[in-house]
Amino acid sequence: MKESVVSAKKPIKTVIGPIHPALKEPIKFIFEIDGEKVIKVDLAPGHNHRGLEWMATRRNAVQTLYVSERICGICSISHSIAYCRAIEQAADIEVPVRADYLRTIFAEMERIHSHLLWAGVAALELGFDTLFYKAWEVREDLMDLLEYLTGNRVNYGVLQIGGVRRDITPDQHARINKSLLNYTILFDELYDMFLEDTVLRMRCRDTGVLTPEDALKLCTVGPVIRASGIATDVRQDFPYCAYGDLDIKAITPEALAGEVHGDVFDRIIVRLLEVKQSIEIIQQSMKKMPIGPLTNFPKLMVLLNHIKQAEGEGIGRHEAPRGEVFHYIRLAANQESPLVWKVKASTYSNAMSWVKMLEGEQIADIPIIVASVDPCISCTDRVAMVDKGRTSIFTQDDLRRLSRKKTERIRQGLK
Amino acid sequence: MTEIFLKLIIGVVSMTALGIVGGFIIQGVDRKLAALMQARIGPLLRQPWWDFLKLMRKENVVPEHAVPWVYNAAPIMAFASVITIFLYLPFAGFNPLMEGYGDLILIMYLLAMPALAMVFGGFASGSPYATIGAQREMVTMIGYELPLGAIVISFAWKMAQSGLAHPFSLKTIAANPIWNLVGPFGIIGFILLLLAMIVVTPAELSKGPFDAPEAKSELAEGLLVEYSGRNLAMFYLALGAKMIAMLGLTVALFFPYTISQYFQVDTTVKIVIEVLFYIIKIFLVMFVSVTLMRVSMARFRITQIVEIYWKLGGTMTFLGLFLIMLDGKL
Amino acid sequence: MFRLPMVPRVLKQLFNKPATNPFPARHLPKSITRFLEKVAAGKAELVLPLEVPEGFRGKIGYNPEGCTACSLCARVCPANAIEVNREEKTVTVYAGHCIQCGQCTEVCPKNNLFMTKEFLTATTDRYSEEMVLT
Amino acid sequence: MNDNILTPEQVVEQFQQCLGDGLQASRIVKRSEGLKSAESIQIWLTIDKTKIKIAVQQLCDIQYPHLSVISGCDMGEGIELLYHFFIYYGVARGEYSVTIRTTLPKTDLIIDTITDLIPGALTSEREKQEFFGLQVLNIPDSRRMFLPDDFPEGVYPWRKDETGIKEEMVKKLHEVGKAEGAQRRAKNK
């Protein structure tokens, strides 16, 4: 599909985004197309600035924890794990083992729900609405479970520097086990619907191929690099939380088909198998979890003072559903807010691989290829909070006035 | 001559009404059934009517780069050509209004007209999405015309071979149910043709999985992307009516049976029974060829659509034709 | 082989109950306020939202009795939703700004702040009386 | 890629050999978590800014590294850049974090690109250019990445000096409408 066609026609320039039904978040792609074929790709993020890293330098560590949670609604736990671990290294804080295990359990639950969300979105991009509804219906149960355990459906607010805020009590085990069992059954169904469907396979096989060499060179992470056949996974390679105790193997498409194409279909395989892996990890951790305190700093003010006095730097990594997230933090003595906080989300690393995947493909495959990375633009764009003069802010009254005016105009046109 | 004119005027008025009302009902049922299959509650049956009313009240925007007269004429052309098809289609055991004037070939061309109107409208709207959508629509048309043509030829051949007059006339086909004319090989052949017809229907109606020209998630409604207000409402009407026409054609070709002769009742009751039976037939065909198809598959790529129609559709219809001929010779 | 595993599933689903919870009514009423009036009069039935679990963090609640305005809550609040006036010893909680992390409720030494189970807080004025707690 | 895996000390030694005086400081940090206390290994190196290419090349000779991100910190008289690399990924519990730190004085904010060795560094280098106002030599694409087009020139969000974000640029959204809201409430009473 990638042979170069020499055409006398001038290629059409098409812009997809910043707002487009295929993209759930604002990012702009500029395509040069010839007929149905994509010749050149350029991307322009930066439509969603929030300036979070800058905000952190004016807040204390506990306040920033909740900012880190809101980098992304889906990787809410991932970013806060990475943030907490960075601060813990910088300020030399010990985390109780039970808290490590609880973090692992929450993170894996988040992975299941994120992968199911992705599966739904991918189906939608392929024009397969039924599968989209099905995947999201299945995901609902896990959202309920997370709400039951943490008190909220999206931004869980369950982590704290030096530990976790909520425990999993023995009477909650029954509900968790029920959900996990349910998912073990549902997994077979999902497997059937995604991997056995001929039409889906026709659309996804050999589209958006990323070779292992390119994947390495472009610093891709997570399911994208694994689907290209490179078995790297932070959980396996760089022990943290409870992952060092568990037997975790990075999943590559070889596990299922025995071959690696590095295409969209392989990314579906990797993500689906990871759902199964996550269920097993949660079951293992629930069994191994020791009894103990949740945090070494039950009093928040003590923690804040400890961080204020500490000086040092630390890195925190976590294998988020979309790939590695990385936080770097430096603390200065006698200063409440950190000197610097650098966040690297998974899509930040994966964005460049889009260009390689999209070139030479058809327009019809743009949405699914873009979605196959599981992009999270709000994770990637989090930079400046400036809005100077040019755009004016409309209040609710202004908008109401404007829409009434327009209705009046149309009414007169109709008469 | 005056009789024809009178017939035409009454026909156009009544068929327009039928097309609009029937289009709304059939779209409502389709949406409701699709919703139920996707575990949703779905809209009310009268939702298409509300949608239409709302669109009529909205502003009719003509984009700056558009060619206004083509852009505005396209929806009217689409709707008018669909209504014309109705004049040649037999409904519920009644003969077509313009019987004796048009035949299957004419219907085939008329069915292509709304799609062509959409192509013109798409090109005229001057948006890159609409342009790509229009290109795709043309390619899709080239794709599905092959199996559709093969189906028409098979029917005509069989009719001619059975020694019937006017083999291309729908009246003849409706009066002589095809299944009664053939032996076992022929039945297999026509089953293949029926399957091909079911696969052609969604493309003809721009429904999934063959909705590449409009692809929501790729082209943001493709060739309809710039349309709004009254123009979009017109297209909406045309698509609804076209659904009836296409399903009506399938029913007329493959299931022209009537049941009223089995009841010992008045003529009026007979008509009512006949109409009800026809509606049931239409809905059954719709369920299989539109609703089920669009909820159970992912959208095909444009290259795959052509491949499916030419390779799969072509093979199926020609195999069917071959079997029918074999059957005829036996 | 050409396999479509979705076909038997959708046919089965056709006869099952839809997954949607039709909150607040089966079909959107023309006017929500009039519908709610009808519900109050007992003429219509409201479809309830799903139950929230124990420990759910909904809209924030504040009880001014015994509050010493120690401002610990304001110090940990990530959203600047709590304003403390130490001279007058008053605390203002802007529920419209609150991100429902519940951090203040944990740090409050007198348990004056708490999370309620209320989650239907949509409003056109985020400074209305219901949304500003004093 | 070498078949034999080096110990962290050997990695530092290799850098010592190829950089000589260019290697200004080095430390190895080991952290352990969980029941089994599996160790994660971090190597922190401080080098001269002219040696950045040699250092990255050295890393490529050990194993083609995974670059996580380049982070930076305004230290007052200079800007510190930290290149966060990872080697020996894919080996269970065997990954090393290698962080290369280099300081750019504010008078000479120029550094060589590493995109010829690691093309994926482009996003990060473009980001550093717009946020710190430094110049990356021979960068293949120097357009803005994240900041909006109407962002003023000469303002660099992560700088802590006079070129950083100014106070009047910050919109305190949580203050918007607060006073009017209070008036409305008083009137309703």
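Chains: A, B, C and D, in written order; residue numbering restarts at 1 for each.
Here is the rule we use: a residue touches a chain if its C-beta (ideal position, glycine included) is under 8 Å from a C-beta of that chain, and two chains touch if they have at least 3 such contacts.
Note that this is a predicted model, so its numbers are computed, not measured.
Touching subunit B and subunit D at once are the following chains: A, C. Between the interfaces C-D and A-B, more contacting C-beta pairs are found at A-B. The chain with its Cα centre farthest from the Cα centre of subunit D is B.
Mean C-alpha position of subunit C lies 40 Å from that of subunit D.
Mean C-alpha position of subunit A lies 44 Å from that of subunit B.
Between subunit B and subunit C, the centres computed from C-alpha atoms are 49 Å apart. Rounded to whole angstrom, the centroid-to-centroid distance between subunit A and subunit D, based on C-alpha atoms, equals 21 Å.
Listed for subunit B are residues 37-40, 295-297, each touching two or more other chains.
Residues of subunit C in contact with two or more other chains: 4, 6, 10, 19, 79.
Of all residues in subunit D, none touches two or more other chains. By the definition given earlier, chain contacts exist for A-B, A-C, A-D, B-C, C-D.
The touching residues of subunit D, when paired with subunit A in their complex, are 29, 31-40, 42, 64, 66-69, 71-74, 82, 84, 86, 88-95, 97, 99, 118-124, 127, 131, 144-148, 150-152, 155, 157-158, 165, 169-171. Those residues of subunit B that touch subunit C in the shared complex are 33, 35-42, 44, 292, 295-297.
Remark: subunit A residues 45-47, 49, 51, 53-54, 89, 95, 97, 100-101, 216-221, 230-232, 234, 236-245, 249-250, 288, 290, 315, 317, 324, 326, 328, 330, 339-340, 342, 344, 348-349, 351-352, 381, 383-388, 390 touch subunit D in the complex. Partner subunit C is touched in their complex by these residues of subunit D: 174, 177-178, 180-182, 184-185, 188. By the touch criterion given at the top, residues 12-14, 20-22, 33, 35-36, 123-131, 133-134, 137, 197, 199-200, 202-203, 362-367, 406, 409-410, 413-414 of subunit A touch subunit B in their complex.
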